[in-house]
Each structure stands twice: as structure tokens, then as C-alpha cells.
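There are two complexes below, and they share chain A, which is joined by chain B in the first and by chain C in the second.
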Partner chain A sequence: MNVHWLRYYGRLIGSSVLLIFVVILVMFLLLEIAPGDPIQSLVGQVPVTEEFRRQMTATYGLDRPLFERFVSYVANVATGNLGYSFANREPVTELILQRLGNTLVLTLPSLVISSIGGILLGTAAARTRSKVKDGAISFAAVAGFSIPSFWLALLLIMLFAVSLGWLPAQGMASYGSKGLSVPHLILPLIALAIPELAFKARIMRSTMIGVLGEDYIDTARSKGLSSFEILRRHGLLNSMLPMVSVIGYSLGFTLAGAVTVEKVFGWPGMGMLLYTSIQTGENMVVMGILLVVAITVVIVNILTDLVYGLVDPRIRARSRMSRGVNV
Partner chain B sequence: MKRTKWMLAAAAVALSAIVVSGCSASSEPSAGGDHVFVVAIPSNPPQFNLGVTNDGSATFVGRSIFDPLVNLNTDYEVVPALAESWSANADSTEFTLNLRHGVKWHDGTDFTSADVKFYFDEVIPIHPLGAPIAAVYDHTSTPDDFTVIVSLKSPFAPFIQALAGHMMLPAHLYAGTDIATNPANLQPVGTGPYKFTSFTSGDSVIVDRNEDYWGEKGDVDEVVYRVMPDSNARALAFQSGEVDLATMLPLNQVETLKSDNRFAFDSAAMAEHLYGFFNTASATLQNADVRKALYHAIDRDEIASKVFLGTGTPSVSPVPNQVTWAIDPATDYTTEFDFDLDEAGRMLDAAGYPAGADGTRFSMNVTYRTDNASWATTADLIKTSFGKIGVNVNLVGQDTQVFADTVYTQHDFDFALQSLGAYADPSLGVARAFICNPTNGSYRNPTGVCDPVIDGAFAATAAVSDPAARLAAFKTAADAVAADLGTAPLISYNQITAYRADKWNGIDQFNSTDVWTWGALRAK
Partner chain C sequence: MSDPVNVAAVELPVGPALADQRPTDPQLYRRHSAAGEFFRRPTTVLYLVVLAAIVIFCFVGPFFSLNPSATDFPVLAAPNSTNLAGTDSLGRDLLARLMVGGQGSLLVGVSVAVICLTVALLVGGLAGFYGGVADAVLRRVSEFFQVIPSIILALVAVAIIGASLPLIILILGITMWPGVARIVRAECMRIRELGYVESSRAAGFSSFRIFWSDVLPNAFPPVLVATTLTVGRAILAESSLAFLGLGDANRPSWGALLFDAQSYMQTAWWLTLLPGIAIFIVVLSANMLGDALNDSLNPTLGRVK
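This part shows the complex of A and B:
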């Protein structure tokens, strides 16, 4: 790794930190002007007594000016403190960490399944000569991508939990048991993975069709490689480039999709925490979760950039040539 | 066969992703006996101290952990709980409560008059439903461990009824602390039939039977409250058999579930009232005749049948129809303000709003909450009906938080739909929708109507204990409301509770009061 690369990644990280700061600023202001009264939601849908409102405002410093609260929030975030949750009576960082694991057991497998499934399905659609097969896969992909996940989730529950009775409808594990059970995972995983899988299959199909039309594929064929070998060595590897970015970006979509899926399945993850916190006007928690998601997406994008450079010799070469370095 | 191998490898990776994510599974049933009762709660409870929250899910859980001093039966009659008996002086300013002997908190400490005194002194002023008592409360004296004498500054007849909403808290854990942030709010200690065992935020609350409970013990060894935020999914989970009791189900789902004989349905005890609030600051609606005309133009029979599917009835007075003792037979808004579009049109003509060339008189907003599909359908029916008399309606659907802000704080609405609970006594839960609200408090009257006659009449309903005198005061209030009509009572209904009739006996008695009667619940 040379000076140029250090400078490149230095700039990337610098702009990412700036981006996070802007995210905090914009979210802070948006939540500030959003209607909602945390003290009211603490009490429920009955009048708040003046005495209680006075006590809570004093306890949580809600009467401090906006700028003062913003500065102290940013200072706290820099030290890893995301504030305090009113309703849950817990530091936001701890609250999120408790739920993060539950969300990851849902989103990471979903990411893996949708990526592998999307690549396989997209490739199958690209190389098949059967119009029917290609059409069927493409149609399924558009449908899968267009189905709202809450609706898909409800249909899955109706079919597999209510009608067939094979799988549980709600939660991470049976009542009264701790941890996670695989049967509980299956339906939410399907509901979360299908739209992503469909999207990736469509990208993969069009990329693969492009790649298979390249000259080097003809060259490989004329060398006498089997069509499967051509696909594996030349087709897949070259099609992976756009897929690397798509997979990187899709983490953000998967985390967003988890909000709906977790709500429908009563899955105690970060998405459900976000949903509840928006409903109850718990701005500190909403800020915290959005910040964790924003930071995750930024980090993954930096990693995607790194991986890109690693898997594609052309990018490395191009950047060297642009500086007049001998290749 | 390189190709198959490759495909197999991919499949193996995908499969291991599932297995790895599931490997932390340790299905270890928690301690508890044979009979587990699963209750679906609609949201994650913020905490369990019912002294500082009226959150629905917290109330569900708190009802099995805490006890009130008195309870109400289905006929709204007061029955003993932690207080075995009580008496009042002649002018309802001093109440003597005789406490049950031998009751212990779940941590083994004795329940005494000191707990009750602490509750009146410290909790009532900040309690969400404490205002009516706090307004008249003077002091409490405790001659001995089991006698409590509460003195009021002015007469308050429904004092004993008002106590039914108040769950006693342990003074030895709360005295001298910040009640709203006390750690015991998440590790509740009560005197009730179930002891708190665990809370997994966002997932479940588990309580186990209190073997030392002073009252009758039921068959249920362990109650699991499961957080199920999606109402449709909640109904499906109930249908699939994962849940023994669920509430706040979509009414159309309830209709579907009714055909299954495993399930039964029961109305919750508390009367709910759907109100329409007119904003009297709006240029058009400041005219009481316009408001009355629009009330005539709402087909409440249609709303009762199409939206509430027969579980609600058009309200005849400010007090919900279920509370019959507080409704004078001479009061009947369904005849006084019957559905009559012609009459409504004539009234609007007379009020100076004739139909224009295109048939339109004026436009207005109807604001409703989107958290329950029933309100959207109700607003839709009102829009159609108002349209027929030339009143254009813009529907404004809002999230609970936004609704509270626009309607109660900003007053940025024309007509708003809101459902409020009546609580143990109409002087407690009903009056707030009609009396003056100068501080713009949420879940109170947002119409801007500040009528001394209405305020005086509702105050009178609370100041006397003689039933005939109270009825007369409610009549005065009903007449004053009808004269001005800021708040229009629309539909009286009860929440529907769905339960497994094939697994449990006695749920009707179990569900009949403000506090669940666990002793009545028997496994089949």
C-alpha cells in the first residue's frame, strides 16, 4: 500500500466522518421539529398532570436550549454514549446493543441467502436458452421485488402458521424459552430475504448477459473450455463486480426491511425498537438507531470500495496509470 | 461432476448460514408449572409502575402483579380488594378504609396503612388518573396498621369508585425516591396473584403464581405476556393457537374468528366512547347551529354496524350508553340529533351556508388517528355523508403522536375523532371530554368550549353521592352539552377480548372487572 492509497482512504474516511456529522445534524433538527411529547407517551393516553411534567422536564433537562443539547449530544456520541432512553430507563447504547444481536441473526443470514440465491438465479436466467425459463425467473424476480414485505410476511404466517401449522407465527423462541429457535427464524428470514434476492437476481441476470457477450468469452470457448467452466472462471468472476456494490448497498435495505418484518413477527430486534420509539416519540433512541445504521452503511461502503480494488485489477491499474506510474 | 459439487457448496453455505444463526438456540423452558397462559400485548411495556403510566401493555401486566384497594364488578359495583370495608361521613369529605390483614408484598414485607398513606401523599399527585382525587385531597391519617382515614377538602362522592383504578405500590421501596425512575418500576413488587419473574424487552414478560396470595388462586401457574405489535399478525397468532388471550384485534378479523368454536369473545369491562370534537375556533364551526347540523348528518347507525360490526351503539348522551345509571331516560341524542340529511341541509341554509352553484357549501377537515383502521373507516363514512349535503371533507389521517400535537396542542383541526375510556366512574373519565381545558392538555376537551354550566354540572356529579342527585346533575350536563355541542358523542363500545374457550373455563368472570380475576380461571 503506497502513499496514494493512504491518501485515498484517508480522504474516504474523512468524508465519511463528515457525512456522519451531517446525518446527526439533520436527524437532530428533523426530530426536534417533529411533533411528539415524550412525557405524554410515557404516561399513555391520559392527561399528564402538571406536577409530573415538571418533575420529568427537570430530571431529563428538556428545558435546555436546542444548541446546548445538540453540542452535548455530539460530544456524547464521540465517546460512544448515545443518550438515555426515557421510557426504557436505560442508556440508549445498551438498549441498542441488546437488540442488535437479534437483528443480526435475522439480517446476516438474509444477506447471505439473498446474495447466493440472487447470483444463482440471475445466472440461471442469463444462460438459459429457454425463453420460458428466463421469463419465469424474471417475472418471479419482479414480483418478489414488488411485494411489500409486511404483506408477504402476513401471507407466510397465514399459510405456514395458521393453515398448515408447521411453523410458529410470532417471536424468536417458544414462550418462556430464552434464545432463538430455528423454526421461529424461518418465516421472518424468508420474508426479509425474498425482495432482496429478487433484486439481486435481476442485477445478476443483466450483468451476466453483458459479460457472456464479451470477446474473452468467445476466446475461452474457442480454447475448448466447457460452458460451465466458462461460466465459473470468466462469467461469474467478471459479473461479481457490480454484485459486490449491490451486496454492500443491500445491507442498508435489509436493515430497513427488518423494521417491518420484525414488527409483523414480533421479533425483538432493533427494527422493532425503532418502530416503538418512533411511536412513543423517544427521539434519543430513534437517533441512536439511525446513527448505528448510518455508521454501519458507511463502514460497509468503505469495505466495498476496498474489496472492489482487491477483486478488480483494472481499478488498481487505472489509478496507477492516472498518476503516470509504470504498470 | 464439478458442476454439482459447486452447486452443493453454494447450498451448503446458505444452509450453514441458517444453522449458524440458529446455533445460539437453547430452548430452555423457564421454571413454572403445567398451566401456562399466554397473553398477547400490543406493545413493549415501557415499565410496570401503574402509578406513572397508563400504557395499555403495562396495565395488562400490572393487573396481575398489583392489587387495588377496591375493585369494580361488571355492574360497576364496588367490591373489596386490599380494603375489606369502608365508610364515608355524611358529606363525603372523610373516608375510612379497613385494610385486609396478613397481606404481604412479594418480597415478604407486610402490607400496611403506611403503604396507603404513602400512595395518597406521593403517588396520587403524579398519577395519570390522579387529578380528580388530587384536586380535593387534604391528608391521610393512619390510627393503626390496618385503618386508613382519608380527609378531603371538599365533597367527592365517587371517591371509593375512583380508587378502583389505583394499584397500590410498596412504600418501603418507593418512599423517598424518584417514583418515575425507581428501579422497582422494571422489577415490580406487588401484592397481587402473580409475582414478576422476568422481562425481555421487546419480547415478553413472565410472571409466576404467588402461592401466598390472599385471594383465590386460579389454575394458571405462569402467565407469559408476549409483545405482538402488528394487529393482523396478533390475530393470526391467536388463530394458530400460540396465544390464549388477545385484545385489540381488528374487528373484521374478529368476525372471521367467530366461526371457529375454539374461540370465544367477551367485552372488556371499561366503556369506551368515540367522540367527534368540533373546533369552535374554526370560522365555520364557531356557529353552534353548523355543529348541530353536522351532527345530524352523521349516520351513527351505519358506523355502529359497518365499523363496529354491532359491538357499538350510537351514544344517547355524553355518558357512554353502558353506564345506564348516569343517563336520564329523557336524554336521547339519537332522537334529538337523529340522522337527517334534509334537516341538516335546512339548518345549514338557515345558518348562512346555502349550497353554491356547484352544490358545495364549504370545506372542512376530518382528522383521525391511523393506529386503528376503525377510525379511518369512520372518517370515510362521515366524508361520504357530509358530501351529500354539500360539505366537502378532506380526510387527515395522523399517527398518534402527530394527532395529539395537531389536535390538542396546535388546535389545527375542524372535526377530530378520538376514543376515550370512561373509567370506573363517568365523573372521572367522561367529564374530561367536555369541561374547560385552559391548559390545552392532551386527551381532554380540545374544542375550545368553556361553558360554566357544563363545568358546574360535571362538578356536581362528583360532589354528591345520592344517586338521584347525581343523575340530575348528569342530565343538566347532557342538556348543556346539547345546547352548545362542542364535543359530539358518537359511539359507545367496549374493547373485544378474544380467548381460547376450548382450553379455559371462567374467562368471562376473569375478564369482568378492572383487575383480572385470576382465581376464576380454570384449565379444561
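This part shows the complex of A and C:
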């Protein structure tokens, strides 16, 4: 950790904060053009007088100019206050944090399973000398991420919940009981993990093929290392580099996939909250969720960067600015 | 087998190391042109045929099918001789609705890809060849879309701005172009340094002329692959939106059919199974086609072993 290093991370964090700022601004402008009246959604079907309406508008500061509201929103966000959800009668921050936990219960195992499975499968495809095996894995990988995850979810429900009756299809636990039951987790996890796993297997395969073609692999082989040792010490380590990026990058996709999968399984997570909030026009919640997603992705990006530096000593040696993954 | 020389020539392994040893016979040499490579693979032709068949199914099929909006069949009938794919909850023929729905899905896929391609060539090309403002803009926009997953942004945008087919296409185009643009940029940056660009420059051509006739055409192969993949991604994205109820109510797509099917999952499997298979086949074919294009346009990739 030298000065150069600190300066690099300082800049990275600085630009990330700026990015969050831009996200808020874009969302603010987008929600500004949204049709519909927040006061109307607040009072619902109850008829109210014009005076009450004006009063409410003033109470929530909706009569102030856009810029002023933007500044006060940013100031609130900085203190962790994301507004108030009228439909849920709860502060948005608490509402989201509580749902975020439910989403992470689903997305983190999915991230782990898809990463490990993708690495193993991709390595297997890259190593095998059998064209049939490689072809089969490659085809399965493309097929895996060509499946709409919500449709996969529907099929899983039709097969394992409706026809066979082996696994529950709705919610996080049986009706009436709280918490999380593992059987409830299985189907949504499969639906979420398979497209991700397929995608990672594909990247891993091409990365590993590239690595195994490098000269240092030949050197290792000529030194008499067993092929397992070569794979473990040289192949996997060098393939991990692009994979770390891909895994970090895939979090955003997994969170996005969680919206439809949570909807199908009635999983009370953030995706479900986003869906219902869009339907009921609860802009504060929509805004808050997008912000939480953005912040999560930014933090993971920074962590990815840190891991990158730890995994690859070459990177520590030189400064790097652009290292985008093309997917 | 009777002609050993020919067998040897045909089975010559194609790889970068052996490129110099290729037979000088022009007949054999021509086989390695990109188009030749492309059509030589039976699987590629298969996916092309599948895609063509689906296009014909969706756009020509309706002339021969039952009326997709007529509600005069038994409700939720399983596939039978009249309604080959069964009927939905209102007694409409599912086969006819699959055709009409496919029109929407395919239209979204192709239009979004065209939008992405156009914007990506412009912004990515300028960013890669000239750098400067375009590069800064592209980098910022890419970062933005990396932070907010495009499908989530599209979800919110469609919910707010409106769920009509042109708007959905526009919004998906706006959220999906940076991925393609980054590839254009990388290609243009690479080509900018190549010898033939330098010689054009030495010959005194204007930089726009070099950009237009030397850089862009040569950047095209990987861009074509990315565009093909965009078709599949756009169809998937639209189907997610439609499945969440954010589809064009007047123009059904396969995703919208799945949205309608949700309540009848336990009784009418065909309503859930068939539209999903349609999406899956089209996206799979587009992705495989992209792969095949990639292999044939860039023969060194994926063969190193």
C-alpha cells in the first residue's frame, strides 16, 4: 500500500460517488416526467378537498422546484434517509434493507454456485480432448443463457411443485411460519443460478483455452509437473483474473434476474418490492431500490478491483485505468 | 479414399501455425474465406434455417392460421386437431397467437439490434478512432449502465414512460447500446494503429475518409457478432418486461403470452410451455449464429489448443 496505490483507490472511490450522484440525477429526471400525482396515490380513492391537497403538497415539499428537491434528496441520502413509503407505512430505508436481506439470501448462494459451477464446467470443456464433450458443454452453456430465467422458474414450478409435489413454489417458508426454509430456496436458486452458471462456464472455457496455450504451461509441463498440478498452479490461477471481473460484474445481472424470479416465486425480496412499487407508483421506493442496487454494484466493483490487485502482482506494479469486460 | 493426395489436402488441420503450408490450389484456398467458413458448418446452416423457419412461421403463418383474436373456441382446450397448440383462457387459438406474438418479439429483437448497431458505430467509432469527447462520453455512459443493470433501468423507464412497442424498442436500444459500442471502440483503436491506416494517412486522405473507408469496414466483423447477440438479448429483455406486465397491450409478444399464462399454470401447461420454447429457440439460434460468425470471421479464436 504505497502512496500511488492510495491515490488510485481515492480516485476510484471519488468517481464511484460521482457515479451514484449521476444515478440519482437521472432517476430524478426520469421520475419527474412520470405521469401520475404522488398526492393522489397517497390519498387513494378518498375524495379530498383542494385545500387538503395543497397542504399535503407543501408538507412533502412537492411544490418546491426540482433542483431544490434534488439537493434535499441527496442530503437525505447522505444521512441514510431514503424517504417514506406511504403504502407500506414504513421508512423506505428500513423497508429496503429488510427486503435486501431476503434478496441476498437468494442471490449470494446463486453467485457462489454459478461461479464454482461455471469455473468447473468451463475448465472441463477447455481441458477435454473429446470434441463431443467440449461441444456438449459449449452447447449447454449457450442454451443455459438463452433460457429466460422466469420461464425456467415456471417450468421448475410446473414440474417439481405442481406435477411431482416435491418442493414448495411460493414464498420463503410455509404459510404462517416465519424465516426461511431450505426447500423453499431450492427452485428459485436453480432458476437464478443456471443462466449465470452457463454464462460463466462459457467465459471460463475461452479464458482457460487461452491460458493453456501459453508458453509457461509448456514450461511447467517440461518441468515434469502433473497435469493436475499444472492446472491448479498455473491454469486456474491465471484464469481467475478475468473471472474475478466477470463474477463481480455478474452481480448486477443476478440482481436484475432476481426481479422476475422473485415475482414468479412470490419471494418477498427487493425485486418483488421493485415490481409492486412500480405498479403502485411509489416513486420513493423505486428510487431507493435503484440507489441500493447501484451502491451495491459500486461497492462490489471496488472490492473486485481490490481482489484483482491481490490476485495479480503485475497489476500492483502498474497503474491501470481501463479494464472493461466485454460481455 | 481412392485419391490419397486429395484426402490429405482436405484433412489438413487449419491453424495459424500451418497457414503457410496451405495448399496453393485456389479451389481449396477459397474454402477458408469467411463466408465459406460460415456456410461450411452444418450447424450454422441449421440455425439459419431454424431462424428463417420461425420468421416465415410468424409473418407468413397468419395468412393460413385461425383468427388470433377470435374467441369462438372452447376455453383452455388442450392441443387438438382444430387448435394445434390448444386455446387460451378466452378461447383464442394459441398457434395463431404464437405467430402474432412472434412478430412482436422478432420486431423488438431486430429493431433494438439495429439501434444499438447504429449508435455503437457512431459513438464507439468516434471514441475509438478520434478519442476525445466521444471517448469520455462512452466511458461515462458505460460506467452508468454497469452500475444500473440495463434491464432494471428499462423496467423503470418503460413503467414510467409507457409500454408501447416503439417506446419499448427505443428504451431497450438506449440501455443496450454501450455494450456494442465498447467493442466498436476497441476494434477502432486497434485498427487505427495498423499499417494500412498509416499508409492512407501518408497518401494524404482526410481522417474522415480513413475512418469511413478503412477503419469502420474492418471493424465490422466483431461488431456483426455483437449485433447478432444483441438480437437475442433484446428478445429476452422484452420478454421479461412483458412477463412483468410491461408489454404493449395492443401487440402481444411471447413474453406477454407467458404473462397471461401464469394463472393457468396448473391446468394448461401448453400456455406456459410453448411461448417459452419459442423464445428459447430464437434466442438460442441467434446466439449460436453469433458464435458461428465469430468462429468464421476470426478463425484463430477458439481453435488454439
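In this text, the second predicted complex is superposed on the first by the 289 of 327 C-alpha atoms of A that agree within 3 Å, B and C clash if a C-alpha of one lies under 4 Å from a C-alpha of the other, contacts with A are read in each partner's own complex, and residues count from 1 in each chain.
Just so we're on the same page, a contact is a pair of C-beta atoms (placed from the backbone, for glycine too) under 8 Å apart; a residue touches a chain by one contact, two chains touch by 3 or more.
This is a predicted model, so every value here is computed, not measured.
**Q** Going by the contact rule stated at the top, is it chain B or chain C that touches a larger number of residues on chain A?
**A** More residues of chain A are touched by B.
**Q** In the superposed arrangement, which partner chain does A:Met158 touch: chain B (first), chain C (second), both, or neither?
**A** Touch status of A:Met158: both partners.
**Q** Between chain B (first) and chain C (second), which, if any, makes contact with A:Val105: first, second, both or neither?
**A** first
**Q** Based on the superposed arrangement, let me know which partner A:Met272 touches: chain B (first), chain C (second), both, or neither?
**A** first
**Q** Where does A:Val22 make contact in the superposed view: on chain B (first), on chain C (second), on both, or on neither?
**A** Second partner only.
**Q** Classify the contacts of A:Lys263 with the two partner chains as first (chain B alone), second (chain C alone), both, or neither.
**A** Both partners, chain B and chain C.
**Q** For A:Lys200, decide between first (touching chain B), second (touching chain C), both and neither.
**A** In the superposition, A:Lys200 contacts neither chain B nor chain C.
**Q** Taking the superposition on A as described, I'd like to know which of chain B and chain C A:Leu255 touches: first, second, both or neither.
**A** second
**Q** Have a look at where A:Arg127 lands relative to chain B and chain C in the superposition and call it first, second, both or neither.
**A** A:Arg127 contacts neither chain B nor chain C.
**Q** Kindly classify A:Leu95 by the partners it touches after superposition: chain B alone (first), chain C alone (second), both, or neither?
**A** A:Leu95 sits against chain B, while chain C stays out of touch.
**Q** Which chain A residues are contacted by chain C in one complex and by chain B in the other?
**A** 34-35, 150, 154, 157-158, 162, 263-264, 275, 279
**Q** Residue numbers of chain C touching chain A in their complex, please.
**A** Of all residues in chain C, those touching chain A are 139-140, 142-144, 146-153, 155-157, 159-161, 179, 182-183, 186, 232, 236, 239-240, 243-245, 255, 258, 261-262, 265-266, 269, 272-273, 276, 279-280, 283-284, 287-288, 291, 301-302, 304-305.
**Q** For chain A, which residues count as touching chain B in their complex?
**A** Contact set of chain A toward chain B: 34-37, 40-52, 55-56, 59, 87-89, 95, 98-99, 102, 105-106, 108-109, 112-113, 116-117, 120, 150, 153-154, 157-158, 161-162, 165, 168-182, 185-186, 189, 228-229, 232, 263-266, 268-269, 272-273, 275-276, 279-281.
**Q** Considering the complex alone, what residue numbers of chain A touch chain C?
**A** My answer: residues 15, 19-20, 22-23, 26-27, 30-31, 33-35, 142-143, 145-148, 150-151, 154-155, 157-158, 162, 206, 209-210, 212-213, 249, 252-253, 255-256, 259-260, 263-264, 274-275, 278-279, 286, 290, 293-294, 297-298, 301, 322, 324, 326-327.
**Q** List the residues on chain B that touch chain A in their complex, please.
**A** 2-3, 6-7, 10, 13-14, 17-22, 24-30, 32, 36, 38, 40, 43-44, 46-47, 52-56, 58, 125-131, 134, 178, 180-181, 185-186, 200-204, 206, 222, 224, 226-230, 232-234, 236-237, 239-243, 399-402, 404-406, 409, 420, 432, 439, 441-444
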